[in-house]
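Chains: A, B, C and D, in written order; residue numbering restarts at 1 for each.
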Amino acid sequence: MKLLTEILEAVVLASSQIRPDIYLLSLEAPTISRDARPGQFVHIRCSHTYDPLLRRPLSIHDIGSKGELVLLFQAKGRGTAWLAGQQAGNRINVLGPVGQGFSIVANKKVAIVAGGLGVVPLLFLARKLLESDNEVNFFLGAQDCDKLLRLEALRRMEVNLFLATDDGSAGFKGTVTDLWKKHLRPGAFDWAYACGPQAEMAEFARLAERVALPAEVSLEERMACGIGLCRGCVTAVCDASGHKKYENVCSCGPVFNAAAVCWED
Amino acid sequence: MKLLTEILEAVVLASSQIRPDIYLLSLEAPTISRDARPGQFVHIRCSHTYDPLLRRPLSIHDIGSKGELVLLFQAKGRGTAWLAGQQAGNRINVLGPVGQGFSIVANKKVAIVAGGLGVVPLLFLARKLLESDNEVNFFLGAQDCDKLLRLEALRRMEVNLFLATDDGSAGFKGTVTDLWKKHLRPGAFDWAYACGPQAEMAEFARLAERVALPAEVSLEERMACGIGLCRGCVTAVCDASGHKKYENVCSCGPVFNAAAVCWED
Amino acid sequence: MERVQAVKGHQGSLEVEIAGITLQNPVMPAAGTFGFGEELAPFIDLNRLGAIVVKTLTLHPTPGNPPPRISETYSGLLNSIGLQNPGVEKFVQVKLPYLRQLKPPLIVNIAGRTISEYAELASRLSGEAGIKALEVNISCPNVKEGGIIFGTVPEMAAQVTAAVKKQTSLPVIVKLTPNVTDITEVAKAVVDAGADALALINTLRGMAIDLETRRPALGNIIGGLSGPAIKPVALYAVWRVARAVKVPIIGMGGIMTAHDVIEFMLAGATAVAVGTASLVNPRALIEIIEGLEDYVAAQGIDDVRELIGAVQI
Amino acid sequence: MERVQAVKGHQGSLEVEIAGITLQNPVMPAAGTFGFGEELAPFIDLNRLGAIVVKTLTLHPTPGNPPPRISETYSGLLNSIGLQNPGVEKFVQVKLPYLRQLKPPLIVNIAGRTISEYAELASRLSGEAGIKALEVNISCPNVKEGGIIFGTVPEMAAQVTAAVKKQTSLPVIVKLTPNVTDITEVAKAVVDAGADALALINTLRGMAIDLETRRPALGNIIGGLSGPAIKPVALYAVWRVARAVKVPIIGMGGIMTAHDVIEFMLAGATAVAVGTASLVNPRALIEIIEGLEDYVAAQGIDDVRELIGAVQI
């Protein structure tokens, strides 16, 4: 994959604030759009000076109908605040696509479990899985109905959509993993994918393992380079024999086999 | 003066690039415009983060007809590059007015000697000196005719304008101090003001002293606070007895009695 | 960005104590970035500060170093002021009357070229009403004699401290340099010699070169680095020293916001000083105090002292 | 912004020499920010570098520290990687074949927990074709055993150096820490013990606290600070050491642009290493080399070595 990664000055095509702290950003980044696979991310400079210094990793949320690269992010700190301030016409330094994406299976029954911002890489994944003739069951959860992101976009896609909210303001009352659990009988799915809060992904992994369901998760870790130079972004993974070692989230991930991740850390 | 200094978020009214590296910037900063005196400066944050960290001092170039604060600056480094990128509508953190300005005499024959960017504080000075019924002789010099700044504006003012260029492409061929020297007979002027390259101001001071002409110069020194807290911006001045000491350019200056400055440093 | 919404009604105490002196809040200026107070008075209400700390005084007037004295670095500031000050006598006559009538406790920072100069300064100032503590600067990187030399050798640091203690009944705060292999050794030495509190860190030694002239950017060749750039180094020093000694610590180095203050307190500081931030924003001290008020309110903290050393390891 | 217009036709030499090794230009990666080379190959032509420097190797595979290992600071980066590496054997088998076929001289960085581990590493690597020099890391702040301990005590630094020299005929570069009271003492000690060149600086000790969790931002509690924030400290160290010893110096610490390189050379560095910059911009090394080409061309410099130590005092 690495040879496809580029650094480019992407032009902002559009930026919109879809929630008080959530932004949808379209960029013209043709090489990235062409090569991107679901689960991969882009690594973005959020300053023209040295403060903030490091790039910020953002998952590839979608590739638009005109080939635009679509990002969905929360304005959290200094870097994303800068990004939220960028307007159409500005240029942004983007490195990507980076990382190992999700496995794209074909002709299968798949479950996608998205908690909160976890929907970001999973929308693009759903699109690609539909293209490969899978039956896509999309479980979307959030704290309340206002925080269910990209509901309209998902409704326009050919997915079976299941909703969960912590406060019951939409769909099932509880976490998205609890909702998924209710649908999880042996054989119900051939493959499962998740992204979301650490605790929910751990639960997801445990549930999938119980029914021997192949499952993948997208992890987050603080990053510097994003391309495997520094070993700053590791997570503990266990090999088959339970032997623990640190692997780069940026270059070996961010998507990992759920069964391999050491969740207790 | 200090009680008049304010910190405000000034709105950019207009910004224009008048030479490849020279910008004219108008700001809405009513309190500063109201209190500003020629020779004073404003101290500007040139970042929303900590890099660049320090404010940048820029002289008050003019107060426009609608009370707008007008700055004229060269895009030199990281701070002024940021400032050059600001557009109408943006807000800029400005501290000012700061420093001791020029003495505003009345009913006198005055000489103003401006080398290169030295014109910046002197245009506003000329305006105020005209208001106090002085005869203003404005000597403007630069490397070549393209670098003579604000020529049109000066021509519209009731000053006697004398031009000098190093290459002779406009006016006198030579430095502006050489040109001024030609007009400098005892009694020709009652008062003189200068701003420009260090060497030209030293020569200006020497010439003025020879004919016992009261003379003031505006100095530049690297600054941190701009308000006398840190003693970072000192220049060496000599008292009457030749005793040398360091004085703050920001709070004791930037305008100094030309005779008091220790030029050799 | 850094301001947290205040929870209505809740008002946690910001009071802390340093060497027997009660501060209404833990935020004070760092020596040398506050002039002698008057310069900031047009911008902030000095009576809201936790304490007042003035520029280092020497026995005799000190002219300071040749310019340039300032060089901006990435998120940092190099300075080589060289302790320019009017000397202790002029301070007492001209500056002290103003400072004395301010409400926050006044801390006077001193530096000598010799141990006996430190002692003389301490004895001269002890007699003056209105001074609540002495801060002993053994850490200035910008002077040739004294200054940092005393701060790098534990035995000398201890000697200076003992000599000052002997001459004064005022609480003595010793200000340490980070430019040492093990700051806890110096810290322990000065505490054993009687220091009532520690202030850290002074600036890091640094240098810059002006490419146009190919000369050092500072007239003094080398200078001291301050500002956000050094915050991680300062926080580490505070954390180390807080675990090594029992006296209270005034933490400083790159504090720009209330959040930075909380980090320093969690690391073990009882109070903090704000330096470079005031040079960038004359209102920084007050904005930081307000940020702190908002933080304790929002977090429901009754007493800011809960935060001291509370980092979870 | 930093690129200078090249003067047509003029082409100054960028060649420098470190410990008998000729470098086509003075710019190399800093250990630990370059992986084992392959990771950067998609972005830059590794054959254009002055030298190749790989991540510190230890005798046995080292798992490294628990995450988080990275924390951004103002213009800086705190890391606590903890020397994660596959160990010397796996390096020789898996990584060396690729590195060997690159044109720039290969410098291998090593660290031991004991002096004899350093010696063993040196002897193990000396036999391998394609290695042109060893860089001895006695300055890592992120490991409990070895690392920085050897770098802060001049006698121990000398012992490590002597032990390595004894086991190898390769040139030995010793990498120094800035976390000492007087870096020239360590520099002189290792030069006396046979070091052929010095590399400085490694990271500054630092810390950050995550306010949300009230825990240290790094799994290892403390880390090493790098990046533009530390440049003034690094430049000062290079300047001091260059005046204290006669061996060539590889300068590093916060170099982001060709202008930074020139500052380091003026301060006394013969070559430089670029670390954090590559993490921010994978093309940084090449952009810096090109910037240097432009600079010498624009300034009409025939030989970049003219710049070494040429700061005007």
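What we mean here is this: a contact is a pair of C-beta atoms (placed from the backbone, for glycine too) under 8 Å apart; a residue touches a chain by one contact, two chains touch by 3 or more.
Because the structure is a prediction, the values reported are computed rather than measured.
**Student:** What chain lies farthest away from subunit A once each centre is taken as the mean of the Cα atoms?
**Tutor:** Ranked by distance of C-alpha centres from subunit A, the top chain is B.
**Student:** In whole angstrom, how far does the Cα centroid of subunit A sit from the Cα centroid of subunit C?
**Tutor:** Chain centroid spacing, subunit A to subunit C, equals 46 Å.
**Student:** For subunit C versus subunit D, what separation do you get between their C-alpha means, in angstrom?
**Tutor:** 34
**Student:** Between subunit A and subunit B, what's the gap in Å when you average each chain's C-alpha atoms?
**Tutor:** Computed value for the inter-centroid distance: 55 Å.
**Student:** In subunit A, which residues are in touch with two or more of the other chains?
**Tutor:** Residue numbers touching two or more other chains: 49-52, 78.
**Student:** For subunit C, which residues are shared contacts with two or more other chains?
**Tutor:** Correct list: 73-76, 227-228.
**Student:** Classify the inter-chain contact topology: is it line, ring, star, complete, or other?
**Tutor:** Contact map by chain: complete.
**Student:** Spell out the part of subunit A that touches subunit C in their complex, as residue ranges.
**Tutor:** Residues of subunit A touching subunit C: 49-51, 78, 81.
**Student:** Within their complex, state which residues of subunit C touch subunit A.
**Tutor:** 1, 74-75, 228
**Student:** Using the touch rule from the top, collect the residues of subunit A that touch subunit D in their complex.
**Tutor:** 2-3, 5, 7, 45, 50-55, 95, 221-225, 227-236, 245-246, 251, 265
**Student:** Under the definition above, what is the set of subunit D residues touching subunit A in their complex?
**Tutor:** 32-35, 39-40, 42-43, 55, 63-64, 66-72, 74-77, 79, 81, 84, 227-228, 256, 276, 278-283
**Student:** Under the definition above, what is the set of subunit D residues touching subunit C in their complex?
**Tutor:** It comes out as residues 73-76, 78, 152, 179-182, 204-209, 211, 213-216, 221-223, 225, 227-233, 235-236, 239, 254, 259, 262-263, 266-267, 310-313.
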